[in-house]
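Lettered A, B, C, D, E and F in written order, each chain numbered from 1.
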Amino acid sequence: MNEKRGLLIGRMQPVHKGHISVIQETLKEVDELVIGIGSAEKSHTLSNPFTGGERILMLTKALREYNIDPSRYYILPLEDIACNSLWVGHVTMLTPPFCRVYSGNSLVQQLFQEANIPYTQPPLFNRTEYSGTEVRRRMLNNDNWEKLVPNSVIKVLKEINGIQRIQKLNQKEISELV
Amino acid sequence: MNEKRGLLIGRMQPVHKGHISVIQETLKEVDELVIGIGSAEKSHTLSNPFTGGERILMLTKALREYNIDPSRYYILPLEDIACNSLWVGHVTMLTPPFCRVYSGNSLVQQLFQEANIPYTQPPLFNRTEYSGTEVRRRMLNNDNWEKLVPNSVIKVLKEINGIQRIQKLNQKEISELV
Amino acid sequence: MNEKRGLLIGRMQPVHKGHISVIQETLKEVDELVIGIGSAEKSHTLSNPFTGGERILMLTKALREYNIDPSRYYILPLEDIACNSLWVGHVTMLTPPFCRVYSGNSLVQQLFQEANIPYTQPPLFNRTEYSGTEVRRRMLNNDNWEKLVPNSVIKVLKEINGIQRIQKLNQKEISELV
Amino acid sequence: MNEKRGLLIGRMQPVHKGHISVIQETLKEVDELVIGIGSAEKSHTLSNPFTGGERILMLTKALREYNIDPSRYYILPLEDIACNSLWVGHVTMLTPPFCRVYSGNSLVQQLFQEANIPYTQPPLFNRTEYSGTEVRRRMLNNDNWEKLVPNSVIKVLKEINGIQRIQKLNQKEISELV
Amino acid sequence: MNEKRGLLIGRMQPVHKGHISVIQETLKEVDELVIGIGSAEKSHTLSNPFTGGERILMLTKALREYNIDPSRYYILPLEDIACNSLWVGHVTMLTPPFCRVYSGNSLVQQLFQEANIPYTQPPLFNRTEYSGTEVRRRMLNNDNWEKLVPNSVIKVLKEINGIQRIQKLNQKEISELV
Amino acid sequence: MNEKRGLLIGRMQPVHKGHISVIQETLKEVDELVIGIGSAEKSHTLSNPFTGGERILMLTKALREYNIDPSRYYILPLEDIACNSLWVGHVTMLTPPFCRVYSGNSLVQQLFQEANIPYTQPPLFNRTEYSGTEVRRRMLNNDNWEKLVPNSVIKVLKEINGIQRIQKLNQKEISELV
């Protein structure tokens, strides 16, 4: 293939400013970037509140807000599979060919290394605040989460009633019936 | 549709007197009640000791014992699925049409609300004793569980050796072979 | 167990008068009958137009129309599985215990025989007309299908726009896009 | 939502000039278009020779070749599911929200109609030649398939040895071993 | 690895003398042979009458009958998967490492070639008679099938009532109920 | 069947000297032993670091090292299933027929007992050291794990870089991206 193409994977629950920074940095090293939305089938839990489609929408709008050239990235949902040793094959089947992976997860690094695909540890940006866990914690507590995510993501969250959803999911179950 | 039909979902591990009370109360509000046995595919664990078929048998016999009109309810097994956002569609596929859900679980309430199906919080009856967790705890300890469940359920449990099963499952594993 | 319980399995696409006759005859031989709706997860094809929930509704209403005692039968959805040799175990897990199977299908007969559960060939009633294939053929052609199904089934089909659905599914695809 | 967003679904085995024309026409009616690559998990058969990732690459390159504004479309893989009545929910989970579907397939039209989402029959362009079946037939016979697909698709097919693959898959099996 | 290890795949419905000949020939080329029983999860159909476990038993007994050194082969069940492009990864996960594949199936050859694993077309032996299709045809008709399979396979088939099973599966369905 | 055949199940993560002792003891009671490698589809986690195929290789080489007659055992991968009550059927489908199970796990014992297959609690050998948990703990800490496993297993682990893999999997994740 002619272009140097990389693969970057993140759950993006939700998309925050740290994701944008990593994507901007990585685009300095590759011609094109495939961005895989991990655990795309998961939603409506406290650690995975948003659907794959909602996260695709958030990320697309955020990359436009930051004027990143849309001809340089692909955004794709990646569903989880039960079997670790098949995961690289699964990812390869659903994405355009790539020659390097960007991930800070040691399992992902090990699996791609065994498949002879090199990986890079992406840089970190203000890691204390720019983390999905922190963003979701603030959403639960109505605690100034808006400054951690792009404006376009705030707008999408409003459209889908995202904050109401995450707070509802946090309620104590008051009957064991289900 | 002509009848007002509701959906009530419970794991019923096992069926206890609290379930009967909730069903009796709910039948005052609807013409027909679809009763979904949740996690129907699960069995032989400490929190899910009984199969879907065994729980269907327990509930059917218990509702007959309490003289509840059999033409007013449907009892159906509902298997779990991996993907929360597809769960309402999955339930809808396997049940007669219904217009309201009865559940005290906040995830279930949220999912049906996003699908524009209204929900009701069912009333609670002597919640300390009438809970599946308490019934199973007593079964493990041979501690007067019989007073919490209908007589017909005691009879089914005897037929399937249910108490022996739950106590066996509680034994320490003494070899790592499996 | 005290009752003699049988299992009868049918796809019921849709419920027709032949099903009612077989159920009436079988109820002369057993105390209780578990009626499994086969291929419950299938719908929206020409040979399986109706969902499991729609077929449960049809059968329940039809058995009430024919005044069959609701305390003598269970109606349950049975989903298909990929693996024939596991099918008996799958059915057993989701149904109350039974001691005899009623089925005219040679695979079903063989599988239950290998599991040491006896089977009976159910009697046939006006087989040329009372067959799902014939009912669906007439529905496609607006050709007097109503006389083959109970009145309560006609009513359910009207509520769910069943005839319109089956005719739409028969249309030629006019673009290969999907 | 503010934008009018549509969903267009196609298997694109492979991408041909008919797809480009339909996409160009549909973009006159909507602000944004979600393009779902159907049966994304299928590959290496005569009717589905290319993987989801290969087809995403073909379509992305082709839309760039035709200078279609990349900020106006989303390209997403859609895997098949066994259960027709759950398919709309499955698609909705993995895509940004949309308000209209573009498809010429009668099953797809029926399923979205039952979910209260309107559909449009897309226009056809030189249907005899611009069809996946015709393109694959010509590939098998080395018969001037290049004129039916964009130049960028020819280039991708060369990179992945696509023509060699489809011809190999057409060989007679000469031993029953597998 | 030190040994030269090959992989040979066959459905073996049932094991016949042609399989033995191919295995004997292949063992001249490799130190160790992994023998994968294909479609291991399938059984109780006319083209796949026997379970994976039954076929493992047949093959083990047959290789002992022919005095093939048991320290030179592995016999493993291989279940099918829905997705061709993941199949090589699936096989690799469940088998000891191998460096060459023996298969006459063009899809298998293409998939391993794309994964950079070389393949060999195995030799054929009296192909008209030594084929699973022919053996099953003769079993259905009680037509001298015994001469095509090893004596030890005849013995296993007798133990599991294999001929009775295949003939029962061939019976016409006389009621559409299931 | 003529032979007395037993089934012994273990995850074997990795194979250690305790497994060899149990197999040697059990072979005194049965003619043939089916050895099922449990959770065969799992790999690349701290408690399941090795693939099914790697474990089959380890066990085969170890049994040869200990001069155990290869015509007396079968080594088969057993994948997990979601549904406990179907597990015995699943195991039976993929293995040669057996008449007794050797397992120290109380769930396995209960499931086989409900299926009327007797079980035996296998003997234990130096349980403090000969346990998978202890072997993996030592591998993580480079702490004299070699004395707990057969020499042939050390050799396989070297070939597949097994120690490096388990130590990599233990690294802290330093970016939440995936």
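As a working rule, a residue touches a chain if its C-beta (ideal position, glycine included) is under 8 Å from a C-beta of that chain, and two chains touch if they have at least 3 such contacts.
Model, not experiment: these values are computed from the prediction.
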Common touching chains of chain F and chain C
B, E
Over the chains that touch one another, what is the least number of steps taking chain B to chain E?
2
Copy pair chain C, chain E: interface residue numbering same or different (half cut)
different
Any idea whether A-E or A-B has more C-beta pairs in contact?
A-B
After a C-alpha superposition of chain D on chain E, what does the rotation angle come to, in degrees rounded to the nearest 5?
120
Chain centre separation in whole Å, for chain D relative to chain B (CA means):
44
Any idea how many Å lie between the Cα centroids of chain B and chain F?
37
Going by the contact rule already set, what residues in chain E reach two or more other chains?
41, 43, 51, 83, 85, 92-93
Line, ring, star, complete or other: which describes how these chains touch one another?
other
Dump the list of chain pairs that touch, please.
A-B, A-D, A-E, A-F, B-C, B-D, B-F, C-D, C-E, C-F, D-E, E-F
Within the complex, which stretch of chain B touches chain F?
41-45, 51, 165, 168-178
Inside the complex, what are the residues of chain A that reach chain E?
83, 85-86, 88-90, 92-93
For the complex, which residues does chain F have touching chain E?
1, 40-41, 43, 51-54, 56-57, 60, 64, 70-71, 74-77, 79, 92-97, 159-160
In their shared complex, at which residues does chain A touch chain F?
8-11, 19, 22, 38, 82-85, 102-111, 114, 121-122, 124, 127, 131-133
